[in-house]
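Following this message is one structure expressed as structure tokens.
Chains here go by letter, A, B, C and D, matching the order in which they are written, and residues are numbered from 1 within each.
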Amino acid sequence: MSGLLSLRGLRVAFAGEGGAAMAVRGVDLELEGGEGLALVGESGSGKSATAKAILGLHDMSSTAVTGSVRFEGRELLELGEAELRSFRGRGASMVFQDPGTSFNPLLRMGEQVAEAFRSVAGLDRKAAREAALGLFSRLGIRDPVTRYAQYPHEFSGGMLQRMMILLALAGRPRLLVADEPTTALDVTVQAQVLLFLEELKEELGMAVLLVTHDMGIVAETSTRIAVMYAGRIVETGGTAEVLGSPAHPYTEALLEAMPRPGSRGTRLATILGLPPGVYEADSGCPFFPRCRHALASCMDGLPPSVEAGPGRKSACFRTHSLSLRGIA
Amino acid sequence: MLAYLARRLLQLVPVLLVASFLVFVAARLTPQDPAVVMAGGRQTSTAVLEAIRAKYHLDESVPSQYLRWMAGALLGDLGESYRLKQGVSAMIAARLPVSLQLIAMSVAIALLAAVPLGILAALRKGSWVDILATSLSLAALSSPVFLTGILGILLFSYTLGWLPALGSGRNFAENLRYLLMPSVALALNMLALSMRMTRSGMIEAMRRPYIQTAILKGLPRRTIVLKHALRNALLPLVTITGLQIGFLLSGTVLVEYTFGLGGLGSLLVNAIQTSDYPVVQGLTLFIVSAFLLINLLVDLLYGIIDPRIRQA
Amino acid sequence: MRRRPKAGRAVLLAASSLVALLCLGALLAPAIAPHPPQAIDLRSSFAPPSQDHPLGADKLGRDLLSRLLYGSRSTLLAALLVVASSTLLGTVLGLVSGYAGGLVDAMLSRIFDVLLAFPALLLALLIVASVGRGMANAVIALAVVYVPTIARLVRSLTLVESRLAYVEAAQALGYSSSRIVFVHIAPNVAPVVLVQSTIDFAYSILDLAALSFLGLGVQPPLADWGAMLAEGREYLLFAPSLAVAPGLAIMAAVIAFNLLGDGLQTRFDPGRRGA
Amino acid sequence: MRKSGSGRALPAAFALACIVLVATLSSCARAAPGASKGGSLSFAITGDIVALDPAQAYDFTTNPVVNEITEGLLRFSPTGELLPNLAEKWESPDPKTYVYHLRKGVKFQDGSAMGADDVVFSLDRIRDPKTASSLAWMYGSVDRIERTDDSTVRISLKTPDAMFRYALATTAGHVISKAYYEAHASNFGKPEGGLLGTGPFKFASWKPGSEIVVERFDGYWDRDKGPFLDRVVFKIIGEDATRVTGLKTGEIDATIKLPVDLLPVVRSIKGAQLVGVEGLSDDWIAFNTRRKPLDDPQVRKAIITAFNVGAVMDGIVKEAGVAAGNQSVGPALWTYEKAAWETFQNTVEKYAYDPARARELLAKSRGAGGFKAKILTDGDAFRVNVAQALQADLAKLGIQLEIEKVGEAELTTRQFSGKRDYDIVMGGWGADFPDPAANIQPFLHSSGMGEGGSDFAVYSNPKVDALIDQQSRSSDDKERAKLLISALQLAAADAPYIFVDHPKIFYAASEKVGGYTMSPIWYWDSIARGMYLKK
């Protein structure tokens, strides 16, 4: 497979009070150029840590990232700081959860946008200003010259997130990692931003790795889905197939917890129990305590990832013996 | 902006009035009799004491004395010292330069050392630099100004003879040498606190998403640290600067006393020790006003640095 | 990657041991001090360290070590009194001010404004100068100085707490205001107050020493670190240990309580861990 | 020679002879060979000066500065005799009249001539209650001060006053320029207004809290005696250790008033000169004789006898004082009738240290079985130390002495406010005049009981009062000595005070400073006049 991105046995551990906090415990993932992949899971499942590892954004003084991250065949974990710097923004880029905090509150918006054009696209001061003003216009911002001198708190969240997306794309990257890009936004704005992202994806032909906990937005944006639980990928496959008939009990539980039109309020959108702590060592299937399909034998070692249909994998001992409920 | 400034200044008036009244009354609770003290601890006659009382209006009621004093204070006349026969305003003016330079040097020393150290410690969190800086800051935070002062004199003046032990120079340039040791002694506490604030602010700032945005932009580390992180890291430092200057104002009392400097601090100690009410009152009013104004200034400065506050 | 396992707990342990050591020294002073702290022996004036006087003797021939040990009693006791009284009063005023709001809050806040308009040590100096010197007055003065800080802190915490669901629930159940404030809110405010008062303990040792240093603190012949330092300063050029030893004792005590404050803060507020 | 005579009714010729003799003696102060003229000298004083005004110069920091700028009509010799100064001669035709003949050609530092108007103005100003000068009491018996002609001033007294003659050698007798005062009425004596006199140095600048600078006055009338230095910088340094460090580092050339414990440190400084002079002062402890049980003389005697003053001398006072033998008048004050004073000192009851006797005395007193009392002091290290020593000694007697340490100002207030709200109080007292009476009348005369008075023991003995009053009206020093000694003998039986010692005052200077010899009564005279810097 001549994939764009390939993660192999990726592990991320943070130095913490109780020793090493293992946020990511061996993730394998492939991504093709131009593909849309959704990485879903509860908060704390390690999906954001995985996303940050791809761009080398972890603080290396307190974090250990091991395994392999290959981008267009190049091993990213072996890059030096300078190489990494030129990779970011041009090879891959990223959009964060809260647009309100993605921008420096003390610097003028125009300067922050222009800075990206200067650094990533190598424009000079004047050209960068022009490019930034152009970006403002593209976003339909009236009176761009005045707005250029304003600060982040004077822009709406939706506008900031669109700006962040454009800014992330200033260097024409082949991959955009979008880490919960709409979570902090109003529901009405969420759709606009996702649509904006979709348009750009088509326009530029880049791949998008959408990190989210919201199953609801997955269907519209991604062709493939990877479900993460306790630092591992538990299920991958085409979006329609996985949503329609999940192969892993955790995916089923996630789908059940999803609020749906008409069923709102009828059941609480939660999965009972808690995922294992980041300090806990492995013993059996990590989902065992919360799994309604669990058997005693599920405690015998980690479940391996097995084929669960064409282009699908699932890390459950009972993959082939269960028939789980999905959503239409 | 001007209206805001005017409103803030107006809010200070009642605080100052109450504070001044408290100080005035407090000074009169002391068991000392200023007339007797002024007579100099020598045998004297009742006639002289009566003359002194009449001259300084000590024979009037406290409220009447207060009104007389406030009326003068509004015109910039804080009365005349009982012990040193000079105008309090003139005394403050004469001694202000030394204290100002002492405080300015201390602030400069504290910040120039604290900010780089704090940045270094934050960026190398957990390294020996960090551990050393953090431990030293704890020691500095815990050492009394007067202890460091006398140890400094013992070591650098008496034993090594490198620095002058006492007094101030004739001009600003000479004072850089004379005030070096006192300002270092005075600065230590602020240095330690500022170092800690910079460090934690920096660690906090470096974790923020906008830093990741800056990294994504492919900016050099220098730019990220100095342009993006530092500004945000210094915000909490600015907020506590007002409080810090309050510490420094108190600290000058101890430092000037130890190093024999003729500034406002030693004036206050002497005035308190000799029951020189007009000086105690006038100087306290001055220091409190300065303290309040500095805090106001810091608020304004904070607004200038942080656009979110400015426009709120 | 560097791991710092249990760094917070180690700090807390070290700080607690130091504090415990100080308290032990204070409690056991009569048992371990080689001499009574006030025993004058003019023949041993400025005696150098010897078997009889392990740290030497002061001008009146009093044993320095014994005075240091006994000095910890008055120093720690005075600091304890300052912190206990200011914390108690400050917490009550802060709770009342924050929960009651309205006129009560406005009046208390103005009073705090006025008190906070004075740099701390300056206010203490003025109070001591007007009510007279001595340890009791120094303690009262510093307690007054510390109250507004604590009260402000508690007030802001109370404002936050009183909007939380559990308080609304208690109000819905018809509990009396005083019950809500002292039984429901107070315990939630307590950890922060504990951290603050530990740090205040460190500051009050320093401030008490400063007052004693200016001659406004304890009365002779009582041994007290600040007073010993002030007295020893006169002999600095030929018997530096008379000033340096109590100075270091003050420093050690302040470090201990500062560390304890840091440790407690980390424990109660893990969000700031390592920061 | 011991007899000072100059103030008494003497034949003019004899007075003149004295003057010539003294003038010859004092001209020896000319700058020594090897001395360089000029240069700047820094002199450390322990606190800021009160004012640049003789009317306010009544302490050990203000006087050294003011004494350089203004001068009195008379001066004291090192042994306490009166010498001519701005007045070249004087006589007292009767005990109630003094006539002063002013020296001609004396100029103020602005070049104007000094005349009788200036003198009358200056002295009257001190007397005027509106000036609120604490020196005013020195003129308590003065009726009128008038100008006879441009170089003669006559002073008439209401009653004869044996001590009046000295006043004109103190700052109370200093002459300021009337014209200058009137031109600077609003800021006279302040840093902006300054002071103008006839002294060897003229005022240059005063940075309050830091330093006062005076510069050489080339038109000084007594040019052979000085001034030699270009400039004297008086640096204000409150901390003793800092001051001594300054002496070591060379930042300070000379200073005065050093604490005893630092003397060995000063001696260890290379080339440093150190001179101690027995002053005319006392360190005293007063019993409030109106308070129970201290109103019983037996209790007071028990306390004095229990107090190991010898140990205090050895351990605390050390070389910085002379044992007082429980008397306020020390040998340095025996300025007349020396033999009589010496005999008295040797024979008077001193209540020497004797614990056994102390116990006996107490057992028979109203304080039998012990009691509690408070001793009032300020933070002065010497007094606090002595109080603690006394406390320890009395504890053995069953007397619990509590030390009440207050500020200097509060101690002053409580010593002089007349309320007498203490059991036992400590203090120091320096004689204003070189006359035994200066250390007797203030302590023992009952007129000092009230406000402003120095009868710290609240001691009242009509016989003692009468003897003191009688000597004060006399102009015969032999008779006065007799009367004073009788008063002291009566007082000794009542034991109202403990006199611990007569403290010494120390002057230290670096090796390059010369030309100053300190006298016991240094505080009324210029220090820098004859000073020079060695090459």
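Rule of thumb we're sticking to: a contact is a pair of C-beta atoms (placed from the backbone, for glycine too) under 8 Å apart; a residue touches a chain by one contact, two chains touch by 3 or more.
A quick note: this is a predicted structure, and the numbers were derived from the prediction, not measured.
Novice: What are the chains that subunit B and subunit D both touch?
Specialist: C
Novice: I'd like the most central chain, judged by C-alpha centroids against the all-protein C-alpha centroid.
Specialist: Checking distances from each chain centre to the full centroid gives B.
Novice: Count the touching C-beta pairs: is C-D or A-B ahead?
Specialist: It is A-B, judged by the count of C-beta pairs in contact.
Novice: Using only Cα atoms to place each chain's centre, name the chain farthest from subunit D.
Specialist: The most remote chain is A.
Novice: Could you work out how far the Cα centre of subunit C sits from that of subunit D, in whole Å?
Specialist: Here the centre of subunit D sits 46 Å away from the centre of subunit C.
Novice: I'd like the Å distance between the centres of subunit A and subunit B, where a centre is the mean of that chain's Cα atoms.
Specialist: 51
Novice: Starting from the mean Cα coordinates of subunit A and subunit D, work out the distance between those two points in Å.
Specialist: 90
Novice: Would you mind listing the residues of subunit A that make contact with two or more other chains?
Specialist: Those would be 61-62.
Novice: I need the residues of subunit B touching at least two other chains; which ones are they?
Specialist: 30-31, 125-127, 150, 153, 158, 257, 272-273
Novice: So which stretches of subunit C touch two or more other chains?
Specialist: Where subunit C meets two or more other chains at a single residue, that happens at 2, 4, 129, 132, 215, 233, 236-237.
Novice: Using the touch definition from the top, list the residues of subunit C that touch subunit B in their complex.
Specialist: Contact set of subunit C toward subunit B: 2, 4, 110, 113-114, 117-122, 125-127, 129-132, 202, 206, 209-210, 213-215, 229, 233, 236-237, 240, 243-244, 247, 250-251, 254-255, 258-259, 272, 274-275.
Novice: Could you pull out which subunit B residues touch subunit A in their complex?
Specialist: Residue list for subunit B touching subunit A: 124-127, 206-210, 212-221, 227-228, 231-232, 235, 305-308, 311.
Novice: Where on subunit B is subunit C touching in the complex?
Specialist: 14-16, 18-19, 22-23, 26-31, 125-127, 138-139, 141-147, 150-151, 153-154, 158, 199-200, 203-204, 246-247, 249-251, 253-254, 257, 268-269, 272-273, 280, 284, 287-288, 291-292
Novice: Subunit D touches which residues of subunit B in the complex?
Specialist: 30-33, 36-52, 55, 83-87, 90-91, 94-95, 98, 150, 153, 157-158, 161, 164-168, 257-263, 266-267, 270, 272-275
Novice: Where on subunit D is subunit B touching in the complex?
Specialist: Going through subunit D, the ones touching subunit B are 47-51, 53, 56, 58-59, 129-134, 136-137, 140, 189-192, 207-211, 235-239, 241-243, 245-246, 248-249, 251, 406-410, 412-417, 432, 442, 448, 450-454.
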